[in-house]
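So that you can tell them apart, the chains are marked A, B, C, D, E, F, G and H in the order they are listed, and the count of residues begins at 1 in each.
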Amino acid sequence: MKKVFGRTRTLRDTHTHYCPGCGHGIAHRLVAEVIDELGIRERTIGVAPIGCAVLAYYYWDLDICEAPHGRPPAVATGMKSVNPKNIVFTYQGDGDLAAIGFNETIHTANRGENITVIFINNAVYGMTGGQMAPTTLCGQVTATTPSGRNVKRYGHPIHVAELLANLPGVSFSSRVALSDIPNIMKTKQAIKKAFQVQMDGKGFSIVEILSPCPTYWRKTPVESLKFIKEKMVKTFPLGVFKECGKK
Amino acid sequence: MKKVFGRTRTLRDTHTHYCPGCGHGIAHRLVAEVIDELGIRERTIGVAPIGCAVLAYYYWDLDICEAPHGRPPAVATGMKSVNPKNIVFTYQGDGDLAAIGFNETIHTANRGENITVIFINNAVYGMTGGQMAPTTLCGQVTATTPSGRNVKRYGHPIHVAELLANLPGVSFSSRVALSDIPNIMKTKQAIKKAFQVQMDGKGFSIVEILSPCPTYWRKTPVESLKFIKEKMVKTFPLGVFKECGKK
Amino acid sequence: MREEIVAAGFGGQGVMLIGKILAYAGMLEGKQVTYFPSYGAEVRGGTANSTTIISTAEIPTPVSRHPDVLLAMNSPSCKKFGSRLKKGGLLIANSSLIENVFKRSDLTIIKIPATSLANNLGNKRSANMIMIGAYLKYKAIVSLKSVEKAFLILLPGKKDLWDINKKALRLGME
Amino acid sequence: MREEIVAAGFGGQGVMLIGKILAYAGMLEGKQVTYFPSYGAEVRGGTANSTTIISTAEIPTPVSRHPDVLLAMNSPSCKKFGSRLKKGGLLIANSSLIENVFKRSDLTIIKIPATSLANNLGNKRSANMIMIGAYLKYKAIVSLKSVEKAFLILLPGKKDLWDINKKALRLGME
Amino acid sequence: MKSKAAKERKVLMCGNEVIGEAAVQAGCRHYFGYPITPQNELTAYMAKRMEEVGGVFLQSESELAAINMVLGASACGARAMTSSSSPGISLKQEGISYIAGMELPAVIVNVMRGGPGLGNISPSQSDYFQAVKGGGHGDYRIIVLAPSCSQELYDLTALAFDLADTYRNPVMILADGILGQMMEPVALRQINPKHVKKPWVLTGAKNRPGRRLCSLFLETGGLEKHNASLQEKYRRIKAKEVRCETYNISGAEVIAVAYGSSARLTKAAVKMAEERGIKAGYIKPITLWPFPEDVFIKEKDKNKKYLVVEMNEGQMVEDVERCVGDRKRVFFYGHAGGWIPQTEDIFKRIKKLA
Amino acid sequence: MKSKAAKERKVLMCGNEVIGEAAVQAGCRHYFGYPITPQNELTAYMAKRMEEVGGVFLQSESELAAINMVLGASACGARAMTSSSSPGISLKQEGISYIAGMELPAVIVNVMRGGPGLGNISPSQSDYFQAVKGGGHGDYRIIVLAPSCSQELYDLTALAFDLADTYRNPVMILADGILGQMMEPVALRQINPKHVKKPWVLTGAKNRPGRRLCSLFLETGGLEKHNASLQEKYRRIKAKEVRCETYNISGAEVIAVAYGSSARLTKAAVKMAEERGIKAGYIKPITLWPFPEDVFIKEKDKNKKYLVVEMNEGQMVEDVERCVGDRKRVFFYGHAGGWIPQTEDIFKRIKKLA
Amino acid sequence: MGKVVINSARCKGCGLCIEVCPKNVLVPSSKNNHLGIYVVEVKNKEECIGCSRCAIICPDAAIEVYR
Amino acid sequence: MGKVVINSARCKGCGLCIEVCPKNVLVPSSKNNHLGIYVVEVKNKEECIGCSRCAIICPDAAIEVYR
């Protein structure tokens, strides 16, 4: 018998601190697989966020740098400027990318920095205990919206992939989901595409990944996947919102 | 003979520090006229930016608060939360609103805060000596782009009015210009509309005003108006990008 | 008198509630008390623990390096905190989930199959009360009455829940 | 020896260049020099000024509260800085634009219609050099040669410009 | 917790919630914050309580936004508050400098954690310098209150709002992860908020000329004058608002100095030393700024030794050195990064010095 | 200015440009900044020069972005720099704390202006506390260099890059509006950047396991250990890198203490006093951290008086008090908000103390 | 038919009013105000139709119009 | 036809693999690993078709598949 599925080179064989059923684990593996399939591990540099994925540097066998909460795009910009041949990517949660760090996100995208952003949208702040994120669904109960996200107070969830697609500097913007096997496969393809865009020097690429946080959704892992499929995609439609050469 | 044009109540009779031909002066007057015409002076609170207009509180006879560079929307949010009957507006330059403070701009707009933003787009940083702004035109020479704004490095100018129009919290978004008499009249109408939207409790309203900075455009005042009409509007088309009830 | 109690286990086993109930009961009896949870990133991965101190004197810190008592609800926490127990300390182990209890000859070790007992009782979630019961049986650090009061203050309006949990508590005390 | 010189006028009249040229010339002659411009918000509204200090000793601060010399190119700056001039100081006024020269009996006041002279010369922008000329005539604080060198270093490759400006300079010295 | 019912008896709440309840009782109806451990219970508590009392709770997009929302709400006369932990407080420094410069009241809570950088969420006292010397730019001062138990969290939070209004100045509650997370009994006493007139508030210029609130002063020498008047205010605060707990300082050979969580341990160590016949006392500054300088300066005995205990690498110790005026008699015991001292170890150090 | 040609002769450039040229000569090819007065000439200079030398100039969207771009570039091995003035430096505090915690080299220039808040653009020394005690959170230290003339701007900027690389630590150039705007002759000496091996740099994990750069330490006690090792490094820096200029301190009755712009005036006042037969000397700290503590501590004469002159409301004076150990002999002269002392006034104060 | 009054203390001499006036009523003057600015002045007084164009564009609200 | 190997040191017992397996090969076990987690185990070994669905969804890369 032949091994048809195993841990890829870039994914360290170690215990992760993620909760059972957390999407970060799946996303980590997909990123590692893409990097290995593209053969770019030896020139790739990652930027880890502040969020549940802060320890990503323990899980990927890559050169990785920590960035203050929300600032990975700025850190990545600095890195890429040193050696444009490096493949530089950030991995960020919705609090990191779309709340505190949205200015860095938008300006980095607008400049068309040739980097890749892996954006984990789990509709909550995981690390700090399940507070509202900019992507929290309308009516969703969180630690800071005890009666559910109130649209009158907080407005609607932010559509990062669509919004960034408006910027000429963005070459690839897509939303995918870790909700089932076909969508996980699509997610991997999108991640690969995003890295390829960078390898081709085309500018900013982002993949928004709808990802389960069973803990703060107060659901089982299986229920969480169902929630993505049945609820979350209604607010956050999947698809490619931009794919082109750098303007 | 009857006086058909004079200084409006809310515009203090004082020397301003603006350069000759600066658009801030015109915009100040229009805002004051609108406030007086709507009869809301006694319940209006302004927020002044850091930028050439930092001294706006000397020029309007209104209650006005200074805000740190880029943070007027956050300050206005805090103000409006104290007494929603107050009419609260910010007056901001392109550095203030679209560079350092763009995160506050976007989140305040997305929340649909019921405030009005008067946004002076003069394509440079005036106060600090003519550096590149997020709205600087492609190829435009500034103190920090001695060879002209390079799209590869800095991307394209940011289209604030269009971008914000994408957010459901925004009820009114329009771009106007201080380029000639008809456009100045339209600017005034747009400002009035924006305040009315707030008075009707419909949420966030913004007027982006293309405004001359003869000093750092290195042009005469007359040439500057021509520049808006002939060059600037090509990058920044005028128009209403959103007008609706609050979603 | 001063007693430092660590309760530890999985998230969801109610170890935080153990700590809070004991602290509240202590307070109701006029003692000085502190309760200190594990928090933040430590919580990821499903482990949880809390420290309760009950004392007749001022409590300088709610943190305990060498607790007097460990209520261990699962195996990893038994290992982790067992080694830190004070010399001669008391270890109460949920033997349903802990196969090999930590070996230290100086400790008093009480094994109680709290999870199975709770399952038998028909209320999985009351294993924590069984642990409290076992502890109270061994050391009457607070009275059963105070525990009842504490429970009802902490879970107001849950009188019915108390009835089941009281059974669990008594079971532990048997 | 220590001379504190303020040059002031509209933006665009080249008052900053006056200061820089004098400072550079001083440096070329082995003196200690500092040059300090007005900056930032002060510049709005079109006024500009700079302070140059030339000294044989170390210069503790480039800021001058009571300058020895004022080269005033317009009326408001004549008023503003004239009052601050050291007792017995020197005021050189561009009389083309300054009608009523500041009145202080202790000052030496030289009036020169620098703007008209420059216009006559066919180069509006050289009024500043005429002012320097007038100053050098009164106090040979630096040599003409040093001024030439300074000019060519500050505006490299502008030899032709120098020729006109030299004329202006000499005109001022007349 | 309803205030009336709770007034007399003690309750058990975590420190972060105690702060929140004190704020509510002190009339705070405007809270703006961004989540960060170990103060999240405070944010969550305010989310819930503000709904109950009809106040404003807003989770801001960032700490920068939060502090500036506080600025805005305060400019319009509200008792406004924000809270965070170390990295988030760093981000608020510009805003704090503005609020101090504009002379607006504000209450800011820092539940400190281990640094520098991301550090960890363990308790720490590593932001003393930032709080007391001013992490932001310019010569401003903020009042810094350092509670060391839940009751003080409650009482000092209430005091913070009064001081902020009285002096038109930011006030910081400097707590740490232990104080924020710990539950211990606390009496939710009735709080009677001080009523301070605020004739400077922005309300809309009804029947009067417009008002401005700003930190820029245009006239020549304007900012100098403003700074002089700020310093004058700071002198007034120094004269009136120093708070400090002392024990046996005149009789002691060794005086332990500590605030916040480490003061609890230090007190216990001093008692332990006394029981063993060592002449020991302690000083527990409650206001870190204004620092209780006189307590040290007035002590003329040239033989007394001071042991400063901090959960950091030595920050307040510099103020003690400065006030004692003899570095050779000032000793430090502390570490950063989550270290918590033990009573016995402090005792040992006291013993060595006696 | 081409380095070779300029090597021998002096040129006249404004201080901000001098800093820029020194950085270029020191091998800095990565500059990230956001405009603010009175340092704009530095940003503009780098915009021009980086084009010429093929380096990277990037005007960032904010100060937050700028400091984090520096973090990223430094993590990849570049000599990276940013500059700002007071309010912008406040915004960088979180980033500076991270850079210090991650032990990355970085050069940060603060051309101070009047505060607090927006304040004004006049020269000031009001950010001493922020720079020296740490405006950010946690127990980190940055090396702070205080030039007082254009030549020192040049030389110390070059030194800053070497120190940053040597110690893997942020270094700040603390200047002010006078130094930044003034032109005075400066020799653009040939700079030979020190070559420091950087085996920690992120390059892509070629033929080796991945590297991480972070300020979080997961293992129990990890952050405590990290802090201990930082402190160890700080002790090393303290032992080796103190820089200070002194004049006649043993013979003086009155010692004036000042740094930066005010040191120039203070020196002149001391000379003036000497000429009038007063026994005066001065201490000019060049490194503000590490502070030249020993210069004060070693001075045993119990009669000497110290006059600290600062363009603020009294900040470094606290360090002098601490080191002198006798507050009654330490006097302060200073104001904030754009005030610049005059030689004569300083002289008068020296005279009064003599 | 119309009349313009220029507040020369406010005028900054930018010349925009001159540019927009359909009747060439306004011209640059050779007099400067207390700030040293060459202000505009009314030359062809009788031509003024009181259309207010000059006032609408004036960044310094230096013009009053009567009709 | 297929074989799955579960690394029970990595498994967190989330159960996603059980959910996606088309052949009901996997079940929750009553054994817990060193972390006290009830891991999954292979029950209907012979049913496995080696489709890798379980491995693709596993957040902890705890599954190897052979075919």
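As a convention for this text, a contact is a pair of C-beta atoms (placed from the backbone, for glycine too) under 8 Å apart; a residue touches a chain by one contact, two chains touch by 3 or more.
Please read all numbers here as calculations on a predicted model, not as lab measurements.
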Set of chains adjacent to subunit F and to subunit H = A
So which chains are sitting against subunit A and subunit F at once?
-> B, E
Top-ranked pair of chains - ranking by C-beta pairs in contact = E-F
Just give me the whole-number Å value for how far the CA centre of subunit F lies from that of subunit G.
-> 53
In whole angstrom, the CA-centroid distance of subunit G from subunit H equals 85
Using the average of all C-alpha atoms in each chain as its centre, how far is it in Å between subunit A and subunit C?
-> 40
How many Å are there between the centre of subunit A and the centre of subunit G, using C-alpha atoms for each centre?
-> 60
Of all residues in subunit E, which are in touch with two or more distinct other chains?
-> 37, 58, 61-62, 64, 87, 94, 98, 102, 117-118, 120, 214-216
Touching at least 2 other chains, the residues of subunit D are 40-41, 45-46
Going through subunit B residue by residue, note those that touch at least 2 other chains and give them in order.
-> 18-20, 54, 66, 68, 99-100, 102-103, 107, 127-129, 134, 153-154
Given the complex, residues on subunit C that touch subunit E span 20, 23-24, 27, 32-37, 39-41, 58-63, 65
State the interface residues of subunit F toward subunit B in the complex, per the touch definition above.
-> 34-37, 40, 43-44, 47-48, 51, 57-59, 61-63, 87, 117-118
Where on subunit B is subunit F touching in the complex?
-> 50, 54, 66, 68-70, 95, 99-100, 102, 125, 127-129, 131-132, 134, 143-147, 153-154
For the complex, which residues does subunit E have touching subunit C?
-> 10, 12, 14, 37-38, 120-121, 177-178, 181-185, 261, 264-265, 267-269, 340, 342-343
Quick one: in the complex, what on subunit C touches subunit H?
-> 10, 45-46, 74-77, 97
